[in-house]
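What follows is a set of structures to go through.
Shared between the two complexes below is subunit A, which pairs with subunit B and subunit C, respectively.
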Partner chain A sequence: MTSQLTALSEIQDLVEEFSRSLLQIEAERSGGRDSDPDLVNAAFRSIHTLKGIVSMVEVGQLVALSHELENCLDDIRLGKRALDASSLDLLFAAVDLYTASLAHAVEPSRAVPDVTSFLSRIKDTGAARPATRSAEEQVSLDWLHEDVRSVLTEYEEFRLRENIGGGRGIYSIHVSFDLMDVDGGIERLKSKLKKLGEVLTYLPSADASREDRIDLDILVGSGEGLEVLRASLTGETASIERLNTGGRSPGRDEGVPVVRGHESTRPDDVAITDGGSGKRRAPPSATPREVGSVASSVGLPGAGSAGSAPGSEGVEEPPQSIRSVVQTVRVELSRLDALMNLVGELRVIQGDFTRTIARAENTLRGVPEVRTLHVQTRQMARRIDELRDRILDVRMVPVGQMFDTLARVVRKLSREHGKEVRLVVSGEQTELDKLIVEELSDPLMHMIRNAIDHGIESVERRSAAGKSLTGKITLVARQRGNSVEIRVEDDGQGMDWLALRERAVSRGLVSREEAEVMTSIEALRLIFAPGFSTLDDLSRSSGRGVGMDVVKTNIMRLSGQIDVESEVGKGTLFRLTLPVTLAIIQALVIEGGGQMFCVPLGSVLESLMFERSEIETIEGFEVISLRSEALPIVYLDRIFDLPRKPGDGQLYVIVVGLAEHRVGLVVDDLLEQKDVVIKSLGPGLDAVPGVAGATEIGAGKTVLLLDLAAIVSDAVRDFGTGDRRRVEGMRA
Partner chain B sequence: MREYVTSVLEGTGDMEFEYAESGFHALQFLSHANPDLIITDVNMPEVSGLELLRYVRKSERLKDTPVVVISTEGHLVDRERAKAAGASIMLEKPFDPEVLKRAVSGLLEGPPG
Partner chain C sequence: MSEPDHGLWQALLQSGEVIATEAEYEHGYSRRLRDDLVRMVSFRLGAEIHAIPIRHVREITRCFSVTAVPRTQAYVRGVGTLRGELLPVLCLASRIGLSPASISRASRVLVVSIDSDAFGLLVDEVIDVVSLEPESLREPPSVLSAAGSVNSDFVFALARREGKLLIVLNLTAVVNPEDFVMAKWRDRQGER
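On to the complex of A and B.
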């Protein structure tokens, strides 16, 4: 099972890599430039590698899909098939099919994607486009040394002919690198050469005079003259010559190799290389990056900057073992959870230990070891906290991956709606707990969908309103202390808060009187109310979100918050605030019905002390007056059928929820605030309503973590419209 | 793919595997190691499988190392060139795992006699 999961996640990585290549290709196309052949080849290689892996796992028709897709991409990169809008659509459709197939493999209840009809589509369009070959047969390669030509792959030879057919000069650059620095050196050189032309191939020569160096002949096609290329090589140990004028060969490989080998003593040592995907991350950028359907003038992430280390030449670096070049492991989240639980338990034991020492101190007064014990337990506590932070670090992933998926959604939906939408993202390197990223993608997708569905106007309407014809959606992530803020902003028609208010009245969610005194912010927040959103025509034309109550509930489950701002004609902004991780949270420990519970501190708006006599009853529901508004209350002991604490004096209320959905949770006592490690409940308990998990808080005590999202939504449902009734209004 | 090849070959004999994720990483590895067998895909970024093969065959130290070259289906030119450049065995992706196993065992045992 584990190896199956590993394979699936590897497939997912490759599909994402493939999708990134497609997005970049599309960005170039819409920018009016020719597709970079390297990008097309990278897309091909992702699928080529994928094809090898899918045969390991029996996932639907992925073998057939990969096979056809590889053929299709192979034809495209070899110029036998056009790379136009419709073939790009087809390739993007393949990404969706892979994603759906993986989802089905992990959760068999998910729909089985229809690969078969895709396969016939890809075959049909392939047949409809006969080879549009260019100069292939006319261009002679006789002048190229047979030694070089004989090892060109079909693809490399095709690119070579294309360059010659396009009137570019073919140059051979001889360069020598320190073997251990070859990655950095190549990246540096490549970024220089890519500005001037196309790097066609790298031919390693085995005649290096020293085994710690590697000599390469790099074939480059360029429209620039020899001097321009030579000038670009300043600072490199390199020589250059033009090949296709005099028909000379690079021919530097004839010498006798001077090689000394370390004898391998291993039995049957096998080296395996493949076309697999070296991960190329976009360099962290402070400036927004544009992706999506009509992005223009976009620098390619990864091209040009990775690996260049100015000034590193000549610096002696300690020799690296080949094993250390790429060292990553894939780990299931559950294993990290297990580690985290252990750390939590360690911390609890350490707390107990400290308390025991404190108690013993009275009887052991004057014993010098007691002081030492104190110092040592403090050191231990620090180390445990450090260990906890390190484990948290491992769980963190950049949100960029999720943004890439959203870029695909934008592309697809804007097509479907016939709108022009550009997605601008920034802060892709911002990190969040993997679990949060997973849970966040659906709500974000929903918000983006709403923005395109209801927010961004049609081209005609934008034109009439004097706006730029292309709508813009901005996705920004940034870290703010212990939380991450994600902003989803569109420049569409915005939401009319007066219309929203009317709608709420007509749906019976608020009374006319309440509506009259609502501020614009309060009215906008109505979109988060259950029962507010529907898919009818009115909602479509009012341009406001659909299903935002579900989005809000999901964000609350992540101990996050969501808020909205909007201006008619200008656009809408959703601001999400999320904790960096859920594995460890700041909790408020409370007591109710004689038992301890804890709640995420981030979800607690405030806590208050009340006299029982202040409780009023409105239409059968108990409320208290908070800043002249009626706050519905629920009793913790009643939710869980626990004995009620006797007496009728003071009680504590913690206010939970957001905006118009505030609920007061009545508890017997507020005990303490602390960082807790949350464990999921075992089977059987995980279905208990109102409980989200459990944690140990010392002295062997396990307490339950309340699921505030469920408690608030239950309470709001019960109260119906009652939760916002003004006390004064009822009294009048 | 590397995992796939490993999983196919594991259990067929006492083997140790080293992986390189690109042609350059393979060159780095080969600079200090003498593997008993090399398996390479033709389609690698920068240094292709064919170029790696040429490098191996030209190296005095490595020239006799058996090399298995995996190519894309239908690429006859790549196949022919791999053969001409001295590939010991050529496989097309996707290949039957049994074929790989037999090929590898055959190459490691060396020519009969």
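On to the complex of A and C.
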């Protein structure tokens, strides 16, 4: 079962990787550029690996799907099938099929995806599209040494032809790496060369210069001149030359295509071959040129090629890929939770320990060991905190994965709505607790749907308004101290706060009088009120009866906050603030009704002290005035039916925000602020409204964590059951 | 098992003697006379002796500090932390309609698990672990259920033990997490 789950999550990762490649390909296409062949190849590889995994676990028809998809991608990368909008659509549809199949495998109640019709679709379209280039048109590769040609894969050969056909020069680089640094060296060189052209293949060279080095021959296609490429090799033990690719290269047809690669017509070529040793290389890996090595190429021939198979499969996969896979471990979240619990307990024990020492100090005054003990417990505390932070680190995942999923949603929906929408993403590396990321994806998806449905205008309207025809949705994540801010912004039509206000009145959410005094910010916040929807006709994606109130509730459940800004004609911005992690939260410890509670600091807007005499009433409801606004107050002890503290003059108020309301929660005392580990209350008690969990503070003392949103919304409902006008005082 | 002399075997069987198997020679005569006995933990609630099956009891601890949880039934004493795990603690006496327990030196918490969830049950005193023959268990008097008493669901069976009445509780009826929250707050929750 566990291995099945592991395999499923591996499949999911690969599908996400695949989808990422597709999105990049599409981005390049829409940018008018030729898609990077490496991206197509990366997509092909993802599916190839995927095929291997799905054949081990039986998940629906994924084997057949992966097989067909691999063929399709192979055709694309070999130019036998055009990479146009319709084939991209097909590939994106495959991503959805994979996702649906995985969902079905994990939860059999989910619908079984229709793989069969997809398979016939992919076969049909494949048959309808013949090869883009017929055999006669193909660029000749006769100039290439037969031994080299024989080891090139079909794909490498195709890329080689494409490069020559595209008028790029073909360069051969002979490079030598230290045996210890070969993986890093290859990556380094590849990334340098990628900027200048395309790395077509690299073959292990038989020309090993020394036993502790590995020599490679790299074929590169590039539009740049030889000097530029050579400059990029600075710092490497390498030599480079331009190959004679036959008739296509200008002014070059010497008729000696096999060995004579170096050109003497250009001065820079001469410079290179000057240093050549003139040695012929062993056939299987040789490219047709003479070695012009910058480094010493004398030594022990053949030694460096040990272990590198010259077969066509062997050369395609660089050796470092295996290593990186082994260094990753998949862990279930529950296991990390268990570790986190243990750390929480350790901290509690450590706290007890410190207190015991403090007590012992009175009786053992002057004993030198007590002092040492103090120092040691402090050290222990630091280590425990460090341990906690490390464990939290492990739970962190970049939000990028979620953004990729959203990019697919944008793509799909903009098609469905016939709108042009571009998603601009930044801060993908920002990390959040895995749990939060999971819980966040639905609300974010909903907001993006809203943006496409209601925000971004049709092409005609955009053009009439003088806006760029393509709508833009910006998704930005960034860390701000202990929280992460995520912004979802569109440049659509924005929201008219006057219209929102009217709607709220017609829906009976606010009275006419209340509406009259509303500010634009308050009116915009109305979209978070339950029962508020801006479009009467339910649209397909976002109008399923759930609205921004659900989004708000979900965000609040994560101890997060959501805010909105909008300007008519300019667009709308949602700003989400989330805690970096859920397991530990910053809490305010309070006392109410003779009992200790803690409240998440994130949902406290401010806390204040008041005199009892400052309380006034509006039609029977108690309010205090806060910056000349009436703030309705509710009492924690009354809400929970706890004994009331005999009144002295002062009372403490925690100001809590709920949708467009501000409410003050009266408590007996504010004690301290501290980081607490939150646990569920367990069966039965986790259903108590108003209590979100519990934590252990000090020696075995369990303290309840209040669910402020629930408490305040209950209180507000109680206000609401009276005359609606009585709520007047509640507008902040 | 090596076959003993057939005649002797038959004779022993007819005499009603229990014959030990070879395995028992090897491992000793630890065999119980019966294997259908029900083992129960018996405990005192006020003046009554009650029992629950031992297979549900994970451990028996001294009382630990418990934090009251608002909006719950009176018999829910609150939530406590036992070795890092949070668990609801119930006053068993008030749950089954007796007067609430007061904590004394003899008070104990039975930690029981039902479907892998843990609950603490506060009892006045743990008495014994008893083995009961299934046939000695009696149905509770029908008058209890006829009276429509809530308690009738809680009583699984009655037995006698050393002259005293032993009330075997129906644990899953007594410990019902869905009942912990006060009814009016249970309704509220549905709206959220």
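Observations, loosely collected:
As a working rule, the second predicted complex is superposed on the first by the 470 of 732 C-alpha atoms of A that agree within 3 Å, B and C clash if a C-alpha of one lies under 4 Å from a C-alpha of the other, contacts with A are read in each partner's own complex, and residues count from 1 in each chain.
Criterion: a residue touches a chain if its C-beta (ideal position, glycine included) is under 8 Å from a C-beta of that chain, and two chains touch if they have at least 3 such contacts.
Being a predicted model, the structure only gives us computed values, none of them experimental.
With both structures placed on the common chain, the touch criterion links A:702 to subunit C but leaves subunit B unconnected. Shared-chain residue A:341: touches subunit C; no touch with subunit B. Of the two partner chains placed by superposition, only subunit B is touched by A:51; subunit C is not. Of the two partner chains, neither subunit B nor subunit C is touched by A:30.
In the superposition on chain A, A:607 makes contact with neither subunit B nor subunit C.
Of the two partner chains placed around the shared chain by superposition, subunit C is the only one that A:690 touches, whereas subunit B remains out of contact.
A simple residue count on subunit A separates subunit B from subunit C, and the partner touching more is B. Interface residues of subunit C, counted against subunit A in their complex, comprise 64-72, 76, 78-81, 83-84, 86-88, 117-119, 176-181, 185-186, 188-189, 192.
Every residue of subunit B that touches subunit A in the complex is listed here, in rising order: 1-7, 9, 13-56, 58-62, 70, 72-75, 77-78, 81, 84-85, 93-94, 104, 108. Contact residues of subunit A toward subunit B in the complex are 3, 6-7, 10, 42, 44-45, 48-49, 51-53, 55-56, 63, 67, 70-71, 74, 147, 150-157, 179-180, 182-183, 186, 201-207, 211-212, 214, 253, 256-264, 266-278, 322-323, 325-326. By the touch rule above, subunit A contacts subunit C in their complex via residues 341-342, 344-345, 595, 639-642, 679-685, 687-691, 694, 696, 700-704, 710, 713-714.
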